[in-house]
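Next, two complexes with chain A in common: one pairs it with chain B, the other with chain C.
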Partner chain A sequence: MEYINISMPKDFSITPGPRNRSEGDFSGQQFFEEILDPTFAEALKENKGVTINLDGTLGYGTSFLEEVFGGLARKYTPEKVFKNLIIISNEEEYLKNDIDNYIKNANK
Partner chain B sequence: MQTNKITSIIYYSLFFLLGSFFSYSFFILMLNNNLKIAEKISIGFDPSNLLSIIITLLLALYITRKLDKKTTENRVEKDILIDDIKQFKYKFYKEIHDILNSKKILYIEVVAKLKTIRMRFQSINKILKKYGYDMDNNRIAKLDENIRDIKDLLTETPKTKDKKQIIVNNGELSFGTKRREDIEIALDDISSKIFELIVQINKF
Partner chain C sequence: MIKNEKDSKYKEYQKRRRKKIQRSQTRKKSKIKQLRKSLENKTSRKKHEIKKFKKYSEIHPPNNFSFLENTEDVINFINKVESNYKKNKSVFINLENVEFIDYGAITVLLSVMTLFKSSNIKFNGNFPKNQNVRKKIVDSQFFNRIRETIFKEEEYTIVRKDQIFTKANKIVDPTLGYNIIKQSSETIWGEKKSCPGIQRVLLELMQNTHNHASIYPDNQEYWWLSVNHDPEKKKVSFVFVDYGQGIFESLEKKPETSKWYNFSEKLKEKLKYGNRAEILKLLLEGDLHMTVTGQNFRGKGLPGIMQVSKRNQISNLYIISNDVFADTNKNMYKMIRKKFQGTFLYWELCYNNEHKIWNI
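Showing the complex of A and B:
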């Protein structure tokens, strides 16, 4: 499978923020609406997957990750997300596990 | 150091008891089998006997020293690890209390502090697993979950605006009383788990 690559620090910000736009800059909502959702939709259309590289930022709040990945699973179903999304996180290996949980529990 | 002296005394006593036991057994065996010592005992120098005694003595000394060294190395390894965990605990508590003591703090500042904390714990976690200290109850995994819970309590704002226990406004974070209490309770839980982990390492 071919992949479209997203780098968080290069394509978005080194300081990912809170959950919603109303709470502050570089929110999860902003990342989801401006970058991840359109990229994921395009990838599905072209039978491709998406990789997101999370390294190189100051860190991620729970709200940001839940809004982005839980939001993606709410829109496209957890099965589609698991099938078409690869998370790269070498600095914080535990984030992959955290994100898996946000995807699994997206509709709870 | 005290433990090492006790260990040495135990080893020496053990060798002494073993020696006594074998001598006594030999004596009893002689009596039961009507073995008699020659009436005329010839006093002579047998180099092979002397060599055997010397080798036995040297072996006893070597084994004792070797075991002592191993015990010392294990203790040093444990002390370094425990010291590392204590330092982590100190920094962790300091960072979290600094966050709680600020009336308002930047969300990204909190997130950055938490990243450092979790990465530090991740490296301790790897060392503990590498040296096989995580044998009982998967304590480290539970501790990791507790640290993640703290992160959730500090950085998870609700999807709806119903709950006001954690508010982010213009990128600044503030907590309600209930959320602060929950964080303190979670910290207490982590403190007892770290204590249990240190006890486990010491027993290992």
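Showing the complex of A and C:
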């Protein structure tokens, strides 16, 4: 499968922030609406997958991650997300496990 | 007959009036006597201070002015200051006899001073006799700020010596951690290192204050962060405080639509003693989330901070909120007699904490 690559620091910010736009800058909502959602939709249309590289930032708040990946699963179903999304996180390996949980429990 | 009656009523009135004036004069005399007495054997500077601030409410912080070591007395001090603030009354903080002060108490001093002065309520204080305490408070810029006019603003930054600074804001500021992490790692490891645990703690706390501290959604509370470098011990300590509802009052006010509504009922079987100290422990361990919501703990908010501590990304995490004190390092969770209206956290970044290559 071919992949469209997203780099968090290059394509969005080195300081990802809170969950919603109203709470502060570089929110999960902003990343989802402006970058991840359109890219994922385009990838599905073209039978491609998406990779997100989380390395190279200052760190992540849990609400940001839940909004982004839980939000993606709520819109496209957890199955589609698991099938078409690859997370790269070498600096904070535990994030992959956390994100898997956000995707699994997105609709609870 | 009528005239006589009027006369006697008038006489009564005059008698009462005379007595009232007499009482007021006695009170005044007694106050002057008290003031004179308090000025006896005092230096001219002290005399000036007493006369200048005689209309202020004088508040004495505890001699051991440490939020972590002497929590109840410090809460008592904060409550006294707060009660004057609510009554719009000027306060004078008498620091003369303070023998020890920690950064938690300094952050409290800076925050209440800003609160008073930005609300146009007079606020002042004097120098401690103890030289170490005096230096710490002077370095904090407390006395400089006292002389300045402070306006109501969205954000306050108080930069101090030796890379120490205090900042207040109402929103979640993800860029806040950039310089903090860069400078802290240089103090501890001699070069820039990435510390994602610190960034997570800052984000979770700012978000908690933004979303849960205020009862009113349109009236956001300030959070206060103070960062203090100790190059000798290769350690940086952090103090985060807000004067919102506090963890428990916030949970207890959740509406019926919230999954946290009536959480204490759902917890009954899990608790041994049934007090808030036990609940805080469950909350930090993620068990509260599982019991109340029936879902797996997903590392959000306070449990997320505890997780950072367990991953050795920070050390010596303390939490004080409402009437609970937690020293997570010692696994000590206890009830305290005085209630703190807000949430206070202290933690450290030390040489042995996990860090990564700076790749930003």
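Brief remarks on what is shown
Everything that follows uses one rule, which is that the second predicted complex is superposed on the first by the 108 of 108 C-alpha atoms of A that agree within 3 Å, B and C clash if a C-alpha of one lies under 4 Å from a C-alpha of the other, contacts with A are read in each partner's own complex, and residues count from 1 in each chain.
The rule we apply is simple: a contact is a pair of C-beta atoms (placed from the backbone, for glycine too) under 8 Å apart; a residue touches a chain by one contact, two chains touch by 3 or more.
Model, not experiment: these values are computed from the prediction.
In the superposition on chain A, contact is made by A:Tyr102 with chain C only, not with chain B.
When the two structures are aligned on the shared chain, A:Thr15 is found in touch with chain B and with chain C.
Considering which of chain B and chain C touches more of chain A, the answer is C. Of the two partner chains placed by superposition, chain B and chain C are both touched by A:Glu92. When the two structures are aligned on the shared chain, A:Gly56 is found in touch with chain C, with no touch to chain B. In the overlay built on the shared chain, the residue A:Asp25 is in contact with chain B and with chain C.
With both structures placed on the common chain, the touch criterion links A:Asp37 to neither chain B nor chain C.
In the superposition on chain A, A:Glu66 makes contact with both chain B and chain C. Once the two complexes are overlaid on chain A, the chain A residues touched by chain B in the first and by chain C in the second are 15-19, 23-25, 58-64, 66, 91-92, 94, 98.
For chain A in complex with chain C, the touching residues are 9, 13-19, 23-26, 55-64, 66, 91-92, 94, 98, 101-102, 105, 108.
On the chain A side of its complex with chain B, the touching residues are 15-20, 23-25, 58-64, 66-67, 91-94, 98.
The touching residues of chain C, when paired with chain A in their complex, are 171-175, 177-178, 181, 194-200, 203-204, 206-207, 210-211, 295-296, 298-301, 304, 311, 356, 359-360. Taken in their complex, chain B has these residues touching chain A: 107-108, 110-112, 114-115, 118-119, 122, 144, 148, 151-152, 155-157, 159, 168-172.
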